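Read through the structures below before going on.
In the two complexes below, chain A is the common chain; its partner is chain B in one and chain C in the other.
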Partner chain A sequence: MLYLLGVNLPDHKQVPTALTHIYGIGIHQAQKICHKLAIHPRCRLAHLPEQKVTEISQLLNTYKIEAELRRERSNRIEQLVQIGCYRGDRHKHGYPANGQRTRPNGKTAKKLNGRSLSVRSRGFCTSLPLASTTSTPRVPSPPSISSTLAPITRLIARFI
Partner chain B sequence: MVGRAVWKGPYFVPFPVVPPGQAVQTYARSCTILPSYVGRKFEVHNGNSFIPVTVTEDMVGHKLGEFAFTRKKFSFKKKDDKKGGR
Partner chain C sequence: MLAKGALSAASRCRLASASAGTLRSHRTPVLAFSTTPVSHAAPTAKKKPSAGVPKIKRGGAPTDNDLDRAIDKAPPEPKPKYVPNKNAPEVVVGEWVPEKATEDNVPQVLSLPPSFVEAVPLDTLPTIMMKYFSEFKTPSLLARKITLKILDEVVAESKKPVADRVLMLDGRYGCGKSSVLLQSASYFKQSGWIVIYVPRTFDWVCGLEPYAPVKDTIYYDQPEATAKVLKAIGRLNGEALAEIPASSGKGTLADIVQQGSEDPAVAHACLEELFGELSNGGADRPPVLIAIDQVNGLYSRTAYRDVHSKVITADRFNLARSFIKFLNGERKLKGAVLTSTDYTTNHLHSPFLNHILTSPSTPTITIPTEESKLPGPMRRDFVPRRPLKDVDEFGVLSWGREGEVSFDNVLKRTKVHPRGVVRVEVPEFAKEELERVVGYWKAGGLVPLNRQRPGMIEKFYMMTGGNPYKLFRDLLTAL
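And now, the complex of A and B:
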């Protein structure tokens, strides 16, 4: 395993494929990197000389990858939520943001959308307020006895 | 989303001149928010009522309708547990 810029890259793989394991580099960018640095696309990562590896890491430093990219992505989503637009609201609730139907499907969006948000709260009661001007997370009120029992009774009811 | 071609310029609608601080009622949800709108107040129609929107700098590329939700928010109201949750 070659440790490069915070990522473990599989040695035995070909260089373009191995580079795709970096967050922010896909096959297209990886091939461009290989073309730029005169690395044969079929060359394995383990067979690269030390100097080529240094050249790769130097080139990658100019790209926006890994933590920086993740930060930018989550900042953009948070900004959508803060201005109070429709897309931001969809991310907040974990629903699809591109106009899809939610009556069937929507599972991927529920899993992926708005993961990076601190305001996102999962729960049965979904009456969240619209994004306010401040971004402090909403403090949940203490649950009543019926509200804590409700999920359990629903679960039991399914098996009756 | 590709959006409107850049060479055409943004789609916008001329608004009536109002005293500063007064909201402009509008049905033009598809109007792009221009930099000159920052700080102004609009009341955007959502099919039913007018939603107040105060434009900030971050909103500039978006459309007015994005800030006036058209559907009532879905909230799961947990039912009374008298019937035992069936």
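And now, the complex of A and C:
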């Protein structure tokens, strides 16, 4: 396996396919990389000379991939939540954010949306237990006169 | 009143209660022809997941388990493509030697000489030929009238001071163009010629070989492919090239070939030097035959892309250009240029060459046939024989097959266009030729017993129109 920029790439695969294992590189981007570096399309990663591997590494450093891309995506979603827009709200609650219906489907969004949000941004979320929140526990307020007399008032109203 | 024979309600109830003891319970199903209850069939065992290469999750670094499994399940090394069938029965046939190339010996199945088979590994041949030879113990081909015609044309070409024609074998796919080319190469090799035989240009254009742009030019190099070509030339013509000294004084042509085949970095320079020496040959040197199969690959689009991700055509590669120089007359030759087209794969599609071959201005050589041919299927890339026009008489841009050539980039590069193209029509097998080859296949165990009936030759001829590849494929699937 070729270890490149923190990712283990499978040796036996063709170079464009192997590069897609990097987060942020799809098949078209991978093919463009091969075209720029004059790597023939049927080349396997194991057959690549050292110089070409170095060139791939140098070219990939100019792209936003892996941790940097994840961070940027997470920041963008956090920003949506912080400005209090509709999309941010949907991310916060784990619902679809692109106008999809929730009556029949929504399970994928429930699973994926809001993963990158920090716990503070989530706010009220049923998927997380209350103990995991960083806010202070709620102290019950002392009983008031109206709350004490409410049952008696209801009983009297029944007989009237 | 009840109808005659009908039962009253009370009778039906009595009948039902009387037969209640014998009624089968719906809980224990019993087959009509068995007396014992049959238990439900056991549920089918769940199929174990097939052991294959596990899919590694995309968009993230794989876990160690995925990596270990991927290493274990990496595909095995590719097996050799040509494996002769050792279990096939031994069929005694004559050998294809120059003495046998006469009218009396055609049609006849003759085996390729062992020395030629050793010099030209059958792995390097076109796929169909390789599959065909894999079914028999010894590679053998049918000597036909068209083969003799080609040999005569090549000999006539070699008698000129400089070859000015490019003989291009053309015909329907599977009609035997590559076989005729292979037989011609074998014939002239045994006659003492220097034969530059290129069995496949597909490997140059399909993206298998590494490539690199040449600095400050629009051309590209394929060092390893060039080294392979030089190695093949050296294997086939080692002795003949060792007798020719290089004009630069660096030993013989065989030394140049060896240097290029060992060092890919200088392979192209060595190839250019070799071809330059061969084209400057004098009367004391043997004539040269340039035999190129899949010649449409030299004018087709390749699987390679430039830095802007645009498709590169084959004429931009130095390896293909070295051979194109023989086709466009840039390099003169004492000998002949014999080429063959290939329509079995779309990767070698060349609208420009198709137009050249179907143009009415291109001379065609055919052999007279003794019987009328049955109408067969149209050629896949059939183009009407009309001159090239961008617009027709109504001012409408030509579309479809005819207009396709106007979008071919090779059309604009007139320098690479072949000069003096002569199309040689390779027909399908005549009935007599089919009979001979089916007799050989029958002896080789290729014809199944249920097909061996009286009148099978006529039936095969009707089914395939004399196309040998179609018949071979049909018999192979029937086995």
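Couple of notes before you dig in:
We take it that the second predicted complex is superposed on the first by the 118 of 160 C-alpha atoms of A that agree within 3 Å, B and C clash if a C-alpha of one lies under 4 Å from a C-alpha of the other, contacts with A are read in each partner's own complex, and residues count from 1 in each chain.
Throughout what follows, a contact is a pair of C-beta atoms (placed from the backbone, for glycine too) under 8 Å apart; a residue touches a chain by one contact, two chains touch by 3 or more.
These numbers were taken from a predicted model, which means no experiment stands behind them.
In the superposed pair of complexes, A:N98 makes contact with chain B only, with no contact to chain C. In the overlay built on the shared chain, the residue A:K107 is in contact with neither chain B nor chain C. Touch criterion not met for A:K64: it reaches neither chain B nor chain C. Contacts of A:G84 after superposition on the shared chain: chain B is touched, whereas chain C is not. Of the two partner chains placed by the overlay, only chain C lies in contact with A:H40; chain B stays clear of it.
For the contact definition in use here, the chain B contact set and the chain C contact set of chain A share no residue.
By the touch criterion given at the top, residues 1, 6-8, 10-12, 20-21, 23, 31-32, 35-36, 38-43 of chain A touch chain C in their complex.
Residues 79, 82-87, 89, 98, 124-128, 130, 146-147, 149-150, 153-154, 156-157, 160 of chain A are the ones touching chain B in the complex. Against chain A, the residues of chain B that register as touching in their complex are 1, 56, 58-59, 62, 66-67, 69, 73-78, 81, 84-86. Within the complex formed with chain A, the chain C residues making contact are 56, 58-62, 67, 70-71, 74-75, 206-213, 220, 303-309.
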